[in-house]
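Next come two complexes, and both contain subunit A; in the first it sits with subunit B, in the second with subunit C.
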Partner chain A sequence: MNVKVKLFGLLPRRFPGYNPEQGMEVLLPQGARVKDLLARLDISKEEGGIVAMNGLVQKADAELRDGSVVHVFHPIAGG
Partner chain B sequence: MKFLRVNMTEKSIQAEDVPQAYLGLGGRGLTSIFIDAEVTPTCDPLGPENKLIFAPGLLSGTTLINTSRISIGAKSPLTGGIKESNVGGTVSAALGRLGITAIIVEGKAPQGELYLLKIDENAEARLLPALGFKGTRTYALVETLQKDHGAKNGILCIGPAGENQLASASIQSTDVDGRPCRAAGRGGLGAVMGSKGLKALIVSQGGKHPDALADPEAFKGAAMIFAKAVKEHPFSGQLMPALGTAMLVGPINAAGAFPSFNATQGVLDGWERISGEKLAETIKARGGKSGHMGCSQCIIHCSNEFVDAQGKYVTAALEYETIWATGGMTGITDLDSIARMDFLCDDIGLDTMNTGVAIAVAMDAGYKPFGDAQAAIEMLEEIVKGTELGKAIGNGPVSVGKHFNHHRVPVAKNQSIAAYDPRGIQGMAVTYATSPMGADHTAGWVVGQNLAAFGGKLDPLSPQGQVEVSRAAQIATAAFDCTGLCQFAATAANDVPEAGQALLTLLGAKLGTALTQEDVNALGVRVIKAERAFNRKAGLTNKADRLAKFFYEEPLPPHNKTVLVSDEEMDRTFNF
Partner chain C sequence: MAGSGKDFSTSPLTEEDLVRYSRQILFPAFGEEGQRKLRQAHVLIAGVGGLGSPVSIYLACAGIGKLTLVDSDAVELSNLNRQILHGEEDIGEQKVMSAARKLKKLNSTVEINPLAVRITPESIPGLLRGINLVVDCLDNMKTRFILNEGCVQAGIALIHGGIAGMIGEITTIIPGQTPCFACIFPRDVEGKKPFPVFGCTPALIASLQVMEAIKLLAGFGELLTGKMLYINGERMECTQAPLQKNKACRVCGGGNI
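Then we have the complex of A and B:
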């Protein structure tokens, strides 16, 4: 399956040629979860702590759906 | 270790040893326990009976990094309850180095009089007449004060909003560059300062007599461990300097919890135009500054300096909450207008949150269309002119709601919410509703736990477990707010065990007693108990621990949830 990934914060600079307007397509096996996507992109949980799929934040174990748009943000803290 | 008591009725100043009851307290712990003990809860917040107390944190004035927060307390003219609002800048460390534990401003100068309180490098304090500064905005004020008294002074001051005793009036603090761009914004403490007839505090940064440490060696070692952890943590070491607090615009919109168009939408269409990424990019392209140091001894540097297309200074310390209040709530997705409003709020001496939300309520009521930046800026100027509408805006969202007879007013205890909608992150509903301060995001920030993909099961759209996390966060914050440390240094203390231990050692080495985590929690509980006791006596019972009604009735798109935390659950928050 295919998901479109959009990266934020300092994450885009990890991927040369990343286009912030379009994001990037990532091919994953059927049934892949949020944590599998992050592992594929080599984004650790210290770097990518908030993941939203189609406008809803997800936990690491959530299953991804084909054709989804996935936003990956840094973990947040403070107030 | 001394209190300076400044009586504005008699124009007298007295230094006294810190009374036994307040020993070992600093920051919010000192201001709140003091207000509860010494201020008549039913008094007029703008009358002579109210007291305004300035207290640097317990660790301010030491060599530890990021210890620049000063707590300011009084009975609030906005909420009618107790208030602590803290701010960074340079005054906290300066007072710490002078060995001053608190400044207490009592009484009230006769109508029409205005004063400066100057504290020199020997901790000698004087009241100076300041009638010539009547109505002066904060940028012009500090420029003159620095010319007259020297740039090596930290300044806390009010603008026209504080002099006019408006309930959204802030106390502005100078940053390390001497600009009044940092605010103790919440709760109208600027109005209390104005009511006393005090325009500014000028504090020498040349003090050389901080309180002695009980164990200087242990302190030194722990301070190094703590600084290393803050520097090495990705959040405080890399993210904050790169993006500042505005980094939150993206994730909070992605969560559908960014209150927009006066809290009728949870995603702001076009948020990418005002995101932290866009802000950093704009600042860089124009030659402004990101990763800017705002406060004394800071090694995180979350601040910034925003310049216009010509590279000319517009404002500094443009923060997430301000971008949200003046941008998201008003539907203004243009950083230049937002930066201009931030500057005007600082210059007039206004809480950007309460004021941005007040403007949004006026727009929602049909006074002007959402997205009209010119109209928003004109509303700010109305505040200075003192027109009927200006007074309504300057007194905050509730007063604007009354002015236009409009029901949708996003507040708790009369204070505007912050940049997290309680329907999109239900844990924030608990914090906003139950904090003794009124809706206050810093009082118990549970956003991270709700949105994190890893570690934790909280669902931001469900009330399940939210009371417990809010309670824990509120207790931890009440204790942390005693230290003088910036909250952005807390992440390292929470995540890195050695840093957490170092913080206990630092507090112990300052106070001369070994402290455990339980002791620190007990301090947090003690502070909240004092605050709630004061509120109860002031008439704010558990019935006041509720959000504005519309949050329970009007679902927020895109998730279409209302606040689902019941009143009974809210009342369980403080089970002590």
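Then we have the complex of A and C:
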């Protein structure tokens, strides 16, 4: 299945050519969960990767749906 | 300074005030009423480093009645590329004292309350007593969670800002109405310290935090609620991520995620 991923904060720079207007399509196996997407994007648990759908932060074992638009971000902690 | 005697917050605008703030009073949605609301406000600035320096400068210059500055650190040489309230002669001094001295020079009519203390679960209820608004200028997640929880419990609005390199994020949190910091970031994750940063990055995010503070206190405009604004100075891009309150939030939703 395909999900459309929009990246925020420091994450877009990891994906050369990433277009913030369009996001990017990520191909995942059927039944993939939030943690599978983070693993595919190579975002470790220590980095605090957050996946949100319609603005709602999802748990790591939440199932993704084909065609979903997901927002992925992590805290920017400096001040 | 604290305990300087005169309570500026309740006194009417003077002739001098009307001149000093004339250019912002000219703003139609703000006017003298907006200026009076700023004069009556007591704002807590958590951290007077990269974000806290410009936040406190612009809030002092805008005529906030009372500013409480909270930071337990002393000024270091490595701070000076971005922490513009502090200079070479301040190295070794408590940041809040260095900051208070400069802010008083910028605007002697603002009451400055410098507190060189740590924000902890024990200290936060006392720190927030009498506060109308909190600006998050902290440099770590752990203290942000404590600040967020204190603000949610006390029902005080919190303007969050965070920076790294040339990238910054900002959102305005209104307890009970918007997602809180723990709705957005359910888990405590610590970033790498020291983090890379240019001085212009906190300056930019701090200016946006002050815009939010002025609008919130004076009651006009649209607030940056229910979304995180990201500004990427490396690519000169602005993006927004929508955010929702999390019913399972351990701080404001009454449960565990």
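Going forward, the second predicted complex is superposed on the first by the 73 of 79 C-alpha atoms of A that agree within 3 Å, B and C clash if a C-alpha of one lies under 4 Å from a C-alpha of the other, contacts with A are read in each partner's own complex, and residues count from 1 in each chain.
In this section, contacts are C-beta pairs under 8 Å (C-beta built on N, C-alpha and C of every residue); 3 or more make two chains touch, one makes a residue touch a chain.
Just so we're clear, the structure is a prediction, and the values are computed from it rather than from any experiment.
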Who does A:Ile76 touch here: subunit B (first), subunit C (second), both, or neither? both
When the two structures are overlaid on chain A, which partner does A:Gly67 contact: first (subunit B), second (subunit C), both, or neither? neither
Across the two complexes, what residues of subunit A are contacted by subunit B and by subunit C? 8-10, 46-48, 50, 52, 55-57, 59, 71, 73-79
Would you mind writing out the residues of subunit A in touch with subunit B in their complex? 8-10, 34-35, 38, 45-52, 55-60, 71, 73-79
Contacts from subunit A onto subunit C in the complex sit at residues 6, 8-10, 12-13, 20, 46-48, 50, 52, 54-57, 59, 71, 73-79
Contact residues on subunit C for subunit A in the complex? 47, 49-52, 136-141, 144, 161-165, 167-169, 179, 183-187, 189-191, 195, 197, 202, 226-228, 230, 232, 234-235, 237, 239, 241-244, 246, 257
If you look only at subunit B, which of its residues touch subunit A in the complex? 234-235, 238-240, 242-243, 245, 247-248, 250-251, 254-256, 267, 275-277, 441-442, 445, 447-448, 451-454, 456-457, 460, 477, 487-488, 490-491, 494, 558-559
